[in-house]
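Next, two complexes with subunit A in common: one pairs it with subunit B, the other with subunit C.
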Partner chain A sequence: MQEVMRDKLVAKAKELLTGGVVTRVLGWKRGEFCYDLTPGIFKSADELDKEFDFGDFAAPNLSKYLIDETRKEDGKVAVFMKPCDTYSFNQLLTEHRIDREKVYVIGVPCEGMIDNKKLSAAADGIKNVAVDYENVVVETLWDGNVTVPRESVLAERCLNCKSKKHVALDELVGYEDEITECNRFDEVARLEAMTPEERFEFWQGELSRCIRCNACRDVCPACTCEKCVFDNPSSGVESKAPSDSFEEKMFHIIRAFHVTGRCTDCGECSRVCPQNIPLHLLNRKFIKDINELWGEYQAGAEVGSRAPLVNYTFDDMEPSEAVERGDKNA
Partner chain B sequence: MRKISLDKLDLLFAKIAENQSLYIPSDSVEGAKFTKWTNGTALTNELNTVRGIKDFFFPQSEDLMKFKMQGKNIEVIDIRDEHEDFVIFGARACDVRAMTVLDNVFLHAEPVDTYYKNRREHGIIMSLACTRPVETCFCGTFGIDAANPEGDIVCHKTDDALYMNAVSEKGTALLDSLSDITEDADTKAVDEQKALIKERMTKLPLAELTTDAFGGGKTEKFFDSPEWAKLSESCLGCGTCTFVCPTCQCYDIRDFKTNDGVVRYRCWDSCMYSQFTRMAHGNNRNSQKERFRQRFMHKLVYYPENNNGMFSCVGCGRCLAKCPIRMNIVKVMKALEGTDNGSN
Partner chain C sequence: MQRIGVFVCHCGTNIAGTVDVVAVAEALKNEPGVVHSAEYQYMCSQAGQDLIKAAIKEHNLSGIVVCSCSPRMHEATFRKTAAAAGLNPYMVEIANIREQCSWIHKDMASGTEKAIILGKAAIAKVNLNTPLTPGESPVTKRALVIGGGIAGIQTALDIADAGFPVDIVETKPTIGGKMAQLDKTFPTLDCAACILTPKMVDVAQNEKIRIFSYSEVVDVRGFVGNFDVTIKKRARYVKEDICTGCGLCTEKCPQKKVPNEFNLGMDNRRAIYIPFAQAVPKVATIDADYCTMLKTGKCGVCAKVCTAGAIDYEAKDEFIEEKYGAVVVATGFNPISMDKFDEFAYNQSKDVITSLEFERLTNAAGPTAGKLLRPSDGEHPHTIVFVQCVGSRCEACAEKGKEYCSKICCMYTAKHAMLTRDKYPDTDVYVFYIDVRTPGKAFDEFYRRAVEEYGVHYIKGMVGKVSPEGNKLKVQASDLIAGKQLHIDADLVVLAAAIEPDKSARGLATMLTASMDTNDFFTEAHPKLRPVESPTAGVFLSGTCQGPKDIPETVSQAGAAASKVIGLLCKDKLTGNPCVAQSDEMMCNGCSSCERVCPYGAITYSDKEFRMPDRTTKIRRVASVNPAVCQGCGACTVACPSGAMDLNGFKNNQIMAEVDAICKM
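Let's turn to the complex of A and B:
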């Protein structure tokens, strides 16, 4: 279903490797099944031929790997990025986490990625998957071919895609696309419309399922502290398990605050959560608030922008305007 | 063997729940989950739960003891009490075998873990054969028979009935107590189902995966393999694989200060975490490569070395389904044994 196919990307990667433009390529490695792609480094044409893969399951955002990768050795690393991944990349550049000179960004257009959780809920025993614009045909182990509408198994972040435009690029493979209109704040608005009690109950229901695997933090391109406060035994707040059924609100809410203004809404947190917690909604609430209180702002849209919360202008609203005192919803 | 028609399943659950807590796999927002049965709790159609039955016997977090402090006196309070009786219905063959893996660690080695033992003694497992294994299943690799799960009562669910066969003392007592709502059954339907399952197991994509290359005594062969660096290169270092694993058993013990004393609790720990078994000198595993290696060497080499060849993976496939970057024990096994040619 992706317009640009795997072979075209392999050809581009080989060209960059053999031409000496880059010393290695960061991409996705083929897995055991048609859907389990793993991020990985390719150093030769042979490795690319054998292991490189791209398609409707190339969901992992590769930008965070560049922090370590650019520190490892000299020479450039080529990296494949979908449009949303480039926002994370720009944000990492803004925060001086990556040396831009060491990276060669190859943009790949994206038609939306399939959510593995939704797919396995829709069909049991997946042998193979064929995808077109309308449908996903799953070849199953015991039920023959199962056809489901593509929209029903697309990732939430793709259904609410905020941009198909690459905001960082050295080269684009395929076509150029635009920032999209989306309804990504609708769900946040629904939560805002709840009473505080309803909202508390909603989040308690969601967050109490957390098992503190830290996958959301570890995958998050905005979470790049060298040592997270929650991993630091000297911090006094280190914890490996929920100590009560709602303790996790602290971890998640602190994390959401910490990435406020820096979160690009890439959606990796919700993608990786083994407990199906819609963590992106916390971040989106903050993005929506910033948009409403300080004007539209998209983290990672460009390099070097100052997020409203770390900037000061004479026109800034006073805190007293942002929070209506006495309002229970504040 | 006893049976009950499926339209009376709720009656069966109600009868069991009369005398003890009953947990059955039921659908929830997180996926299928063992849920305390009350009238109306419906059995899931999912093959397996997001997390196994380990949590019932070895919960993610539990208090061990309390200390009360008054001046210079410290009172140690033993908070253990007899656990309530409970029944788990619908545990799959992989997850039941996982309990044997945990028993070896917590019951069959000194000192016996009394917290675990308490729960184990009060729990009855009704296992359920798998008629619809999925592509991530590979319990057969570890000699587990999905057609004949272990457990206290082994169940087979056909289109119209649930067949139950008690195989332990606890199971027999429970099944006897259900005799007025169940009826005697011959093994025909169950035998047919077992044959179907056995045939299906051979058709699974991972049916050919073997443990031949692994086991005790293989530490030197694999420890310095160049594959570890490649396999672990994109590992995030999160704890998903360990926390959804039905056999991972490592824990940490911490003290939590309360107003007038201290609560000592333990919680699951993950060898993938940078602070795992952190020592005074720093850490014995400083890179993700070393931490990653530890997890798989434990499953495939160290555990079998210490437990008469038994592996501590049961092929449930949870890590295959849940790893954020889709690295897992199957990819590790194939890479280490050198049979992975990168093709599908």
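Let's turn to the complex of A and C:
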């Protein structure tokens, strides 16, 4: 259930296109299935009418697509962003990946997105979906209408929503909201409380399912290198499917290190993983550590902020403190 | 393919004692690229170097690996050797099989195994080495001395004497430092002020020296020969160039209750003050924490009495930016706080004092005008107990105190004891000590005079407890030689507090990227052979910021630091380090991570046009490194998320090759 409806967004997009404010609109497009919305570029009112969609499945974070889109041609791009997407957008601005002048950000409030993997597990043969605040009614091919509580199929990142406030904005469609209190680190704390053996087993179980499809990397708004180290033949670590249990973990752990301090915890990695690996937990562990060692830091909360790992202040903790803490956690 | 020569050094028995050097040379023979492998007694000797040169020529070597001591010892030697034989000096790699191998291994088998691994890693790296050529950078012919105590003063005078301009930055309103607070100096008992103040005047009169008093260094950028320093001149609310130092304001100021830090709080000064009579610069300073005018806007007495019109209540902190070729750290020391030493009742009784406070009590310019009187009641003390090593030579695990010997306490305590007995022969003086340490010219003679001629009671043993009772201090101590407990009713107890580096040193070390030891003393480039240089090029050490020292030692170190600075400033150009960072523009994504972490400001960004495979062009923001400014610290290479930054001489693939070579074992 979204407060703001598709038609309102289409109207806004048309207004910007016809008014000449922007030359194209980056939004969500109907996919193969009703629960499958994909990013799309719209250049005319006609295209918007036919293909634009918004609703409880508008999960994709569109900020990363702006890198290429803004470089393609002149003129501004209008983009729709949910609150959490704006953090990624700010982070990309911090890293000079997007020219802010070329973007018109339209904020869209978000009531939480439905995880289509959870939904698929709850109902087979999904034909259509109707959502209200309490329930999701799924029209199915074989079982008639199946009703499930909305909360049971909400995406994990939405259940643990860190902010309903847009941190970057040119215009807001709908209402303004606040940064939310959340318990997103509880699951990390649970893993931390494990013995090293238990933790290893947990991650071995998760990461051994990885098929190295690279979807997590491709969707990640922090993974924007011109040439990824995992695609670079001269890096010596280029590979496809992992060949042993070490490589299974290496890819994800190195990726988590690469995005440390830059990851906004948008959760796209876990959303797109076809193997249901909770990849966001790796990133959250790093965020939790940073918060604990150097004070609260939210990547993307403001443009130009410096992550503690690439900054120095006189009251930074001494490296020995981190070592001692590591010993305690081991 | 490289043609690599391997040279394994015995270093006498330093290496050969725990490493089978012949086996190492033999094992490394078959590594990829190696065409020659030899061992020799002393590779760094002339004969050893000749052997290397001959091999380079005979085998037409393109790179060499020397398995020897730390590169900090002889890397420069072997690079010169290689250059003399026509090889690029950066084709030399050192495998440290001494400090990191033979010295820490006890048995031959494991030592040899590790030496072979280290050799293989170095060979793997040399296989990927490329010849490098250093650039040059100019030298700013001006020096900065941080700290205006005797160390800073002597260094500045010596540098200025050689004709180079020097700036002294001192946090206090006057230069002079701790020495200005002392009474007499051991072992000759000449008055500290009598020998220090002429030097302070010399500094003030020297045309080459500028003094930034009441100032601090807040930012340092750049590198050897080219430091950019920001100095914060704190507002003293008195115009330095107008104030005549007449002192009228300091007599008329109605705010009389300000603890006088120059006398360690044993008396009071006014809110506007001149620390002491011979202060340099001799100008007044308003203490903003106490000045009624600055706090409430009501007073203005000093401005009224100042005939020169030097008072300026509107003054603001000033920031001065200056370039320097060399920086000398002379930040000095402080006695440690006695808060954790409750057993000596320092915080319970005014009559338990530190030795520095004792100096002020016996100083003619001190709170008692030089008369030795008890702080509590102003009576003459008849029994004085001196306690040595308070906070010095503590056990490493102790929660309080320092592990090291503060070095100066034995001598100044002997001095205090002797002077007391000399002036007040009716006074009983006890000194409790762990050891009496008197190495130094005429030092032991001095101490023996205290014992033999002046009748000071030296007792080996420590004071366990001091308890104030009435107007007495009950001192409980042990006499280790007699093997008995002692109880002394003392009138005054003097604690020889350990000394520690000034608190400002740590922040400064960070700004200068100079290293410190665990006690926050600055580390020297080499403890024996380069004692006045910091490992950071262009940063020099003077005085107690490097370790505990007495005045003669401080002055000689100050002079030594000056001579090093002069040696640097004499040069017109410095040969740079070719191991600088480089950005691969094809991989750079323009994120600015490197630019932000670069301590030298060596990285800039620009928009560049790139041709794409599909014949289009694309404008991308990419980083470039100014090799003249880059110091090769490598911070950017680890900050770069794309792996676009690499460090010449320490390229990622070279490091990976080393790691691989080690992991293959």
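By our rule, the second predicted complex is superposed on the first by the 323 of 330 C-alpha atoms of A that agree within 3 Å, B and C clash if a C-alpha of one lies under 4 Å from a C-alpha of the other, contacts with A are read in each partner's own complex, and residues count from 1 in each chain.
Simple rule for what comes next: contacts are C-beta pairs under 8 Å (C-beta built on N, C-alpha and C of every residue); 3 or more make two chains touch, one makes a residue touch a chain.
Just so it is clear, the model here is predicted, and its values are computed rather than measured.
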When subunit B and subunit C are modelled together on subunit A, clash or fit: fit
First, second, both or neither for A:60, with subunit B first and subunit C second: first
First, second, both or neither for A:291, with subunit B first and subunit C second: neither
Touching partner for A:225 - first (subunit B), second (subunit C), both, neither: second
First, second, both or neither for A:204, with subunit B first and subunit C second: neither
Residue contacts with subunit A in the superposition, subunit B compared against subunit C: B
Which of subunit B and subunit C A:40 touches, first, second, both or neither: first
Inter-chain angle, subunit B to subunit C through the CA centre of subunit A, in degrees rounded to a multiple of 10: 120
A:50 touches, of subunit B and subunit C: first, second, both or neither? first
Shortest CA-CA distance between subunit B and subunit C [superposed frame, angstrom]: 7
Shared subunit A surface residues [contacts with subunit B and with subunit C]: none
Complex contact set, residues of subunit A against subunit B: 30-34, 36-41, 50-51, 60, 65, 116-117, 120-121, 124-127, 141-142, 205-206, 209, 211-215, 217-219, 231, 233, 238, 240-243, 268, 271-272, 274-277
Residues on subunit C engaged by subunit A in the complex (per definition of touch): 507, 510, 586-593, 596-597, 605, 618-621, 639, 641-644, 653, 656
Subunit A contact footprint on subunit B (complex, rising order): 29-31, 47, 50-51, 60-61, 132-136, 200, 203-206, 230, 233-234, 236-240, 242-244, 252, 256, 265, 267-270, 273-275, 278, 320-322, 324-328, 330-331, 334, 341-344
Interfacial residue positions of subunit A with respect to subunit C in the complex: 71, 94-97, 224-227, 229, 232, 234-236, 258-259, 262, 306, 310-312, 314
